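Note that the chains are named A, B, C and D in the order they appear, and that numbering of residues resets to 1 at the start of each chain.
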Amino acid sequence: MAAVKLQIGVAGLGRMGKRHALNFLQNVPRASLVAVSTPDADERQWAKENLAPHGVTVYEKYADLLSHQGLSAVCVASATAVHAEQAIAAIAAGKHVLCEKPLGISVDISQTVVDAAAARPDLKVMCGFSRRFDASYRDAYSKMQSGMIGRPSVLRSQTCDVLDPSGFFVAYAEFSGGIFVDCSIHDIDLALWFFGEDAKVRSVHAVGITAVEPDLRKYNDRDNAVGVVEFNDGRIAYLYASRMMAAGQEDATEIIGTKGKLTVNMVPTENHVRIYQPGGIRHELPQNYWGRFRAAFTTEAIEFTDSVLNDTPVPVKLESAVTAVRIGAALQKSMITGEKIVFDESGSEGDRARL
Amino acid sequence: MAAVKLQIGVAGLGRMGKRHALNFLQNVPRASLVAVSTPDADERQWAKENLAPHGVTVYEKYADLLSHQGLSAVCVASATAVHAEQAIAAIAAGKHVLCEKPLGISVDISQTVVDAAAARPDLKVMCGFSRRFDASYRDAYSKMQSGMIGRPSVLRSQTCDVLDPSGFFVAYAEFSGGIFVDCSIHDIDLALWFFGEDAKVRSVHAVGITAVEPDLRKYNDRDNAVGVVEFNDGRIAYLYASRMMAAGQEDATEIIGTKGKLTVNMVPTENHVRIYQPGGIRHELPQNYWGRFRAAFTTEAIEFTDSVLNDTPVPVKLESAVTAVRIGAALQKSMITGEKIVFDESGSEGDRARL
Amino acid sequence: MAAVKLQIGVAGLGRMGKRHALNFLQNVPRASLVAVSTPDADERQWAKENLAPHGVTVYEKYADLLSHQGLSAVCVASATAVHAEQAIAAIAAGKHVLCEKPLGISVDISQTVVDAAAARPDLKVMCGFSRRFDASYRDAYSKMQSGMIGRPSVLRSQTCDVLDPSGFFVAYAEFSGGIFVDCSIHDIDLALWFFGEDAKVRSVHAVGITAVEPDLRKYNDRDNAVGVVEFNDGRIAYLYASRMMAAGQEDATEIIGTKGKLTVNMVPTENHVRIYQPGGIRHELPQNYWGRFRAAFTTEAIEFTDSVLNDTPVPVKLESAVTAVRIGAALQKSMITGEKIVFDESGSEGDRARL
Amino acid sequence: MAAVKLQIGVAGLGRMGKRHALNFLQNVPRASLVAVSTPDADERQWAKENLAPHGVTVYEKYADLLSHQGLSAVCVASATAVHAEQAIAAIAAGKHVLCEKPLGISVDISQTVVDAAAARPDLKVMCGFSRRFDASYRDAYSKMQSGMIGRPSVLRSQTCDVLDPSGFFVAYAEFSGGIFVDCSIHDIDLALWFFGEDAKVRSVHAVGITAVEPDLRKYNDRDNAVGVVEFNDGRIAYLYASRMMAAGQEDATEIIGTKGKLTVNMVPTENHVRIYQPGGIRHELPQNYWGRFRAAFTTEAIEFTDSVLNDTPVPVKLESAVTAVRIGAALQKSMITGEKIVFDESGSEGDRARL
């Protein structure tokens, strides 16, 4: 008896695309990776060597991927700038979509995906906020829900990458939406998750510096940034993002409640090994986001696959991805202008007078 | 293009057997679980509900499993007492074998499996020492091999289970070979791995108590035991095993070298969550061996599958499993008799005079 | 040979005053506690029982303490509201002064102490920022100075007290200057220390909530607050203060540099004990500020005594205490008004237009 | 009012003697260090520079120290070989005695001190087992006493020094009594403390190696040793001592009970600082015994002083120090002979037949 499998394709084979492709190929029993597409010749060569031997068709054009015989779903893992248009094209072609975060670098672009999805309620469309699938974050969420810490009131969260000495992230900044939309989007999504999707933002304020890469300024970006988000119901999220960590990927979160506190990954560790040498006791860290969240990406792919095959709701609401971009973009704007930004009751950016 | 997969069956569906079966079903892309067998009606019922829907045939008799059409390999996960005979029967039937540890509760029984395997060099036969497949142990081994700690000289290792208030382990003790053969076998295997497979034992000595379960004495077993193993080349391994941990599974290892030390899992943790409440900061632990080593069992299954499909040597030499039983059984004997046991140059138990 | 000792008196015997008095009595070999003063009858009774037997004179009036025969120095540990006037009176009487933080709840009041001290360069006047005397903070500072983390660029620091269920802190808030002046002053001082005393503030912004004690609002205070301080030279300090911790005192600091990071007390611990019980592994925390910094207060008292007896500069510049209040008061104002506050080049509060 | 102070002298100004002298000089308010003695000219020179300016008389001969006008007590911190004779001479001279561990390198020698003390019940005579004064060990003991871990059944403890590349410890080994009497004596004392002073030893067994210093063999010593102590009431202590740690002083203890476990210093730390650099997160360790137990030595000195001035019993029974040497010497003998040593009911070494 051969079980029905989800025929899925991956669009984009950059750093994240390769990982998504291998993930669907190796770790998702109910999915079959059947095709990939990328405009980049080197990436196609990689696919020919690593994916084609397992029966995966390699396309140059995304449109051809969408036309692949039997394809049911697409994982959009291309550059942020084309997330939205590729997701919308897939929906138009009747494919289920797992889209890498963010949906787009602006609220308007992100909203177009939500609108397209709303028109096709038969399709599963999900934005991949990987931390929602991480075992530790889920454990913390479940403990909070059980009342263990009283009312969650303050959330501190950070997304901090190792310094990439190649400076790749400067060029990348031109299209990433900036450090708050690219990195802190995860922390913002955590705030929405832990405080409740309907939490309304009252104000945002952010500051940033270029400690290691002054060239980021030409793209209105920074390499270290701190943001503060006030919610209307008397809660605060404060965020830190950095691109210059020395030791490894440092993504940590504290959820502080009226009766206790939960932390996730306060002291990052790669594994259970400790090294004793002159100078002290040392342990290693994951060196990048994938190293920390590899298992979460697998769970994400498995659960997306299940929601399609079982026709159940996707585990993360799509609208939430727009709210996250709204907050991230406002923080980015505050950081660049130096202005605190306040929102009115409806959740739109208001004027200072309202305060 | 459909890749060739290893058709494998699992014998025994007790606690570990169920886990092995699900592991091969879900996590090993190159293997297909095609059949299982167990004499236990409840276990067969479980299999009918959980495995049969995925196309797995359920047998009562092991002989029928071996006769399953197209079967290439067997995972022996039955009671320790039948490990050897089932492994030998599988070899006789021309099947590759992945056998749960230990091969048998005595050296002689264990050796019969090695002998049977030696007669069929075309078959892959491996004893599953799961820690050899754990990412942290592998990282520690690799760091040791790189010279990071000088010459490894002392190894401390423990296998400590949570107290099972049902007292199941008392009945289990009758056939387990005792705490050193059942639990410490892992630590002994680590010593052989880290000190080198050809390390020769000079003496063993052990003591034990029944702190929580005096009934263990009727099976010549204890619930807490400490053993010391001297090697001829000036190295020491000292071991602790317990069945009464309160907090969780505590399997820890230190490898102490002339220039440094490596530890694995000195302070066990379930995940990245920490809980702050009145009374302090707390974290949870895995509650059993599987919880700690789940990923290692998957790696073990994947690598065994690869060694069969690729016709490469299995990652753990079978002879090593006999040596581990030899040391474990001697420690068990020392614990019960109160005598230190010395080995002569050939590795056989000698007399005290030799010292 | 009897060594000359510093004859010191302590003004105020509230929670901190008692500790300072006992500290000078027991732990400072070169100082003699000769007298104390407090207007509170209960506190005087305590002093009669605990200090008088060791030869300490107990006064009701501060003026009498200042007139105590042979007195050379005063430790001002009274209510914040009288810090400045008592310090100035001591200076006028020709006494050296160790004053508890803050000098005053406003910049102007704090400055009066600095002015009085400037007029008497023969006297040692120091504001007690206890963390500057903590072994861990000093170790971190020294490592930073050695270049270990490159250029320090971002400082995260928090002062978080255990929830006091008596609600004492509400009444206390009326005169404390608010959470930023009372608690975060320590973190602000750390920023000035680690970034350099001459770091100029560019802007501050803060938000706060009353998660457990709404009554704080009548004194324009909050029980949880987040503040962000931008410095002109491209550095950021961001701060968190709370009065509702469940597990214990949580004072932690991160100093993030371009080549590394140093943390102090990221996971607070009381001692070296870990408790393994069902539910996990747990450790306790200091329950208050004194529990965490007891040894630092002793070092502070010893070093202040040494600076007087040896006629060397006090280890912490007095002017720094005014700058800390300036920043703390601005954060408090920002939290209450909702306005971001910018400073002009001279370090005075400017207008928004400047940005 | 000048309080009465204990006039104390320190005999021996080697590594530990210097520390004891400075400890009494600086940290014990109720004691006055009035004199010291040492036959070593360099040590006397150090004393003239560091102690004499504070009014401390420096003697060459111990007899002269004992004759110092007004002396009430002596701290014996000389070489282990003369501990007993100096302690006895002090008792004969009517002085209270705080003697560094061990009382002697043999049971017989140690017993002579107990006998001498028994004849002078008016004098306080204590052997300085510093860990009994450590805040963490005391906390663990108190938690165990409260029933938190059920019945303590297994104790693991280690005393592990940093490798001294000068090889000083080889010469030192000639007179130290060996690694079990010199280092493990602390762990043995902990077993007696935590299991109860009246716990009777049933057997001991030990093994040792010379991993870094083969020359130790000429003094019948080893640089790494593992010992196992069985108690008659069904408890086990197992010990590890080493002189080759790379990272720092590693003195750790686990007390394992039927309902829980307590650990002390499982991952040694110097302070609250963590260092993040390429390669991971690191923390430093105390580099020697004093670094780890400095505060405990101060508490020990304060409590010894209090017991003399208040005429209360000393906090550690003197007889316990003989029992510790008895066990340590037996372990040392077992390590060298290779024989397991059993004790008869009276606690004397018996013969193997008894088992």
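One rule holds for everything that comes next: a residue touches a chain if its C-beta (ideal position, glycine included) is under 8 Å from a C-beta of that chain, and two chains touch if they have at least 3 such contacts.
Source: prediction; values computed, not measured.
Engineer: Keeping to the contact definition above, tell me which chains border both subunit B and subunit D.
Structural biologist: Common contact partners of subunit B and subunit D, which must touch each of the two, are A, C.
Engineer: If I average the CA coordinates per chain, which chain comes out farthest from subunit B?
Structural biologist: Result for max centroid distance from subunit B is chain C.
Engineer: Report the inter-centroid distance (CA atoms only) between subunit A and subunit D in whole Å.
Structural biologist: 56
Engineer: Between subunit A and subunit C, what is the separation of their C-alpha centroids in Å?
Structural biologist: 41
Engineer: Touching two or more other chains, which residues of subunit A qualify?
Structural biologist: 149, 245-247, 259-261, 266-267, 270, 274-278
Engineer: Which subunit D residues qualify as touching subunit A in the complex?
Structural biologist: Listed in rising order, the residues are 245-248, 250, 267-270, 274-285.
Engineer: Which subunit D residues qualify as touching subunit C in the complex?
Structural biologist: Answer in residue numbers: 1-3, 25-27, 29, 53-55, 135-136, 139-140, 143, 148-149, 259-266, 269-278.
Engineer: Mind listing the subunit B positions that touch subunit D in their complex?
Structural biologist: 149, 151, 153-154, 156, 203, 205, 207-212, 224, 226, 228, 230, 234-236, 238, 240, 242, 244-247, 256, 258-261, 266-267, 338-340, 342, 355
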